[in-house]
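A, B, C and D label the chains in the order they appear, each numbered from 1.
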Amino acid sequence: MKLSGVLPPICTPFQNGALASDKLRENFDRWNKNGLSGFLVLGSNGEAVYLNEKERLTMVEVSRESIPLSKIMMVGTGMESTQETIEFTNQVARMGGDCALVVTPCYFKGSMKPQVLYDHFVSVAESSKIGILLYNVPQFTGVNLDPAWVAKLSEHPNIIGIKDSSGNIGQLGEIIYLSKKGFAVFTGSAPVLFPALCVGAVGGVLAVANAIPEICVQIYNLFREGKMDEARALQNRMTPLAKAVTTQHGIAGLKIAMDIAGYFGGDPRPPLKKPGKDAEEELKRLSLELQNAHLAGSS
Amino acid sequence: MKLSGVLPPICTPFQNGALASDKLRENFDRWNKNGLSGFLVLGSNGEAVYLNEKERLTMVEVSRESIPLSKIMMVGTGMESTQETIEFTNQVARMGGDCALVVTPCYFKGSMKPQVLYDHFVSVAESSKIGILLYNVPQFTGVNLDPAWVAKLSEHPNIIGIKDSSGNIGQLGEIIYLSKKGFAVFTGSAPVLFPALCVGAVGGVLAVANAIPEICVQIYNLFREGKMDEARALQNRMTPLAKAVTTQHGIAGLKIAMDIAGYFGGDPRPPLKKPGKDAEEELKRLSLELQNAHLAGSS
Amino acid sequence: MKLSGVLPPICTPFQNGALASDKLRENFDRWNKNGLSGFLVLGSNGEAVYLNEKERLTMVEVSRESIPLSKIMMVGTGMESTQETIEFTNQVARMGGDCALVVTPCYFKGSMKPQVLYDHFVSVAESSKIGILLYNVPQFTGVNLDPAWVAKLSEHPNIIGIKDSSGNIGQLGEIIYLSKKGFAVFTGSAPVLFPALCVGAVGGVLAVANAIPEICVQIYNLFREGKMDEARALQNRMTPLAKAVTTQHGIAGLKIAMDIAGYFGGDPRPPLKKPGKDAEEELKRLSLELQNAHLAGSS
Amino acid sequence: MKLSGVLPPICTPFQNGALASDKLRENFDRWNKNGLSGFLVLGSNGEAVYLNEKERLTMVEVSRESIPLSKIMMVGTGMESTQETIEFTNQVARMGGDCALVVTPCYFKGSMKPQVLYDHFVSVAESSKIGILLYNVPQFTGVNLDPAWVAKLSEHPNIIGIKDSSGNIGQLGEIIYLSKKGFAVFTGSAPVLFPALCVGAVGGVLAVANAIPEICVQIYNLFREGKMDEARALQNRMTPLAKAVTTQHGIAGLKIAMDIAGYFGGDPRPPLKKPGKDAEEELKRLSLELQNAHLAGSS
């Protein structure tokens, strides 16, 4: 299995407030047909912070049953505590996850100095039965992993990659250049998928790929085929929707976009709330424009 | 029981990595003799984010046994999810907590709009069997509660106060002025305890009060007695240590200051780590200087 | 002449886009009767950055003619270049300014390390024929002066004070405590005038004092007379207007508030523009409420 | 003349504190032979904020004499005041500048709302006798131009381009996509020159091009020839030096790099100061490594 391509950080479906495993299975039925190279379970967009322990395990279980063995099953296992991160990572390993995505601990931002983060990741890597990827998402954590420190971490045999969601392409390029050959660098920001591929990223873990996987995959494929102008053009058409379901309307917006695209999106968990009718109309308009442009481009 | 005075957000003692209930009881034996009006259990400085569910319950249990009924037992119960916050708050209520401190949810910073936070706190207040206090700590959460919205929340009969750790005295003054009469406003920042009292705060929930409760209490008492110059002078002498155990060296530094003062501090949980020998020497020096100044002032 | 009390950073009046000296003189006629201890000429609120060299000199000249010798005439002389700051400061000295306020250079924020700023201020102080005050205004400059470095600068015989507009009362208290006895520490933030006095500030250089000098002066006097509750109460009533003419509507709002209070405010220079009718109505309402409260309090 | 390619924002040479026109002419003698498509005079890196009016005019004059008519002569003319910006822009036009780079006014950050900035740029464009380019440099100004507003401004016939120094490639891509066809979008950040070209930028205005113009030009040319891997590789080798002369050591570092490369760099003006010996050694090492890699690549 190669760490590359497009993976959605899958949303967690709720019905009447409860995790809806059947809806998740239905979503997988369609996701599995769209050229995705794998899935991230229990990522930020999976509302992992709103799930209790039992629900988290259910998500892993159902995902394991639904994800073909040929595709990557990456699972978010990062906790604030080093010890708890190790324990959950190995539980995921036992349940069949292929690799673990470990977010930077962040509650005590001021104390998360580079050496502290380095030691945390090395401790997890040493004790983990599956390979781990670093997860850098400063807009949520207030903590940023410096490229030089990522490069040091890339030397560890059990640290196999990184998802960088900063959207900072200069930083992404430095990480790729400085890290060990073969270290898998994913962008976590759909609006910069194309430039991320240009500087050498192996793929993207992209929120919007929950709703429009085929378009994300097409950008990736166009790039791989050397069709730069077409890849850039499709990126430009996708960016407005990609921004609307992240920075603008967040997960609630992403779930609406899924509903529009025929997946089960549903409601987020409180305190998150659905945006108003205006947001819904805007998301419909953006989805329609993108779909039309995409069809026109394909014909 | 009156919501006022000085409360330490109590540290969680670990021995060989495990929660050490006996050490906690010993700390309470001394804390109970120092004029503190109560305690915050499971606050940020209690490393609550590093405790599992069982450990959190143990902390509540041991604290309930150790805290006299005449003193406030406030417990941190805020989770990212509204529902989980309600459930844990009521569990704490059943275990005898007097009131709950509910932090702003924060993982999805961009989505935590004022109305979203308002609805979260009202939902919790509606369902909680004990009174709740808002907890505003932007340096950890990246989210700030606006005074006008705090004032709206203060109208709810079950929202009885706030701990504002921003250190922003202008904001604290506005919260006090705009909120309902009787709404208990605490500062959570020891370096501004004195000016916080000047603008009308009822007291402080102060990390450094784990190590030097008697000095924090003395500032509070001097202020209450109208001895402004003495209160200001003692504040000025306390500030260097107060900053060293928060912004500079964090919880690890606070635990060292506890050890120096004869409490059980011990090690923090990884990823947090003890600072080096230099920090320890500096904390010893600051503690000694403060103790000497304090003794000189009392004589 | 004692460096203390309330000083407005005087606004620059424009008519048909040109500096209107006669309007400035008229404003001084009223300002001189209101208990102010002095004036800051060419401060941020004087739109100094929008004045050419000739206009700056006119402002100094007219102010020198209008300010009684018993009151402080402080002049903003800080430029990006050390050499130009020295030259302009000495020109102001020759024109009769009492002291100079020197802002932190800031265009190359990343290069403005503490030692660089220290050397800049010492160079200016060494060559200046009048005493200088440091000007710390991070919200405009993106640069903050650390209390420990201010304390070092306070040892220089020709560095006689600071205007700190950060609004950070903890920092203000530290500056006062750490600096040389007699070093004059002013707050530059009207919403925290009262707590600033509590921690030991000698006074305030306050934008809103352009429009309501008598109220700012009354807060100062109440505090000096030990009437803490009354001082705090008046501060609370003043804060909404003070915020409206700074953080909310800026100089354009301040000039409207001056017009409402019977001074000549007029228009700011482009790119600044007058806020809409709504802002004007709000400023009228806030001014009226404050005036009523003030009158009620005085009777 | 086509607006594209690589332009250095030329450094201003000082000898004994005075502007050294002869040194500037010598630098031009070499710059003119290195494939640069033009020059930015009086940019941030030209220490424009440290020059008085006469010195600014000298810089324009000497540059006009030194820059061949076939190359672009862009001049930084942005002032805080709209009126002064117009006047200086037209003075530059009379002196033979080809186009003007107008920075966002920024002192009153909080008041620089999108509409205020829009009106400022339109006013300048309406009155300017030469085409203007917007200059977005949030790291210095604390103000950011939103892509949608840039797109609106791009419709004005006399607003012909932008230099975006944010380093944000997602934003750069949006500006290019949303703006009028033919609107010239330059990056102002050398560490992201390659990805900027990938998303459609026409070129770069790059500090490091003062010292190593031939390498910046080569990246540009490799990209134009479709040699993506080589362009990316050279970018990666250039990035360390590009960062060292901007974010790390600033203009003082850039001038050292110029000295190393055989140009006249010299000292910056105070308050800027030369970094220590360590920085100089590091810059020598980085320059040498880059030169070696470049030669190896060319052979």
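Keep this in mind: a contact is a pair of C-beta atoms (placed from the backbone, for glycine too) under 8 Å apart; a residue touches a chain by one contact, two chains touch by 3 or more.
Given the structure is predicted, the values throughout are model-derived calculations rather than measurements.
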{"item": "Labels of chains that are neighbours to subunit A and to subunit C", "value": "B, D"}
{"item": "Inter-centroid spacing, subunit C versus subunit B (mean Cα positions, whole Å)", "value": "36"}
{"item": "Centroid distance [mean C-alpha coordinates] between subunit D and subunit B, Å", "value": "50"}
{"item": "For subunit C, residues that touch 2 or more chains besides their own", "value": "none"}
{"item": "Pairwise chain contacts, counting only pairs that touch as defined", "value": "A-B, A-D, B-C, C-D"}
{"item": "Residue ranges of subunit D in contact with subunit A within the complex", "value": "167-170, 173-174, 177, 189, 191-192, 194-195, 198-200, 228, 232, 235-236, 239"}
{"item": "Interface residues, subunit C side, partner subunit D - complex", "value": "17, 44, 49-50, 52, 80-84, 105, 107-112, 116-117, 119-120, 123, 139-140, 142, 247, 250-252, 269-273"}
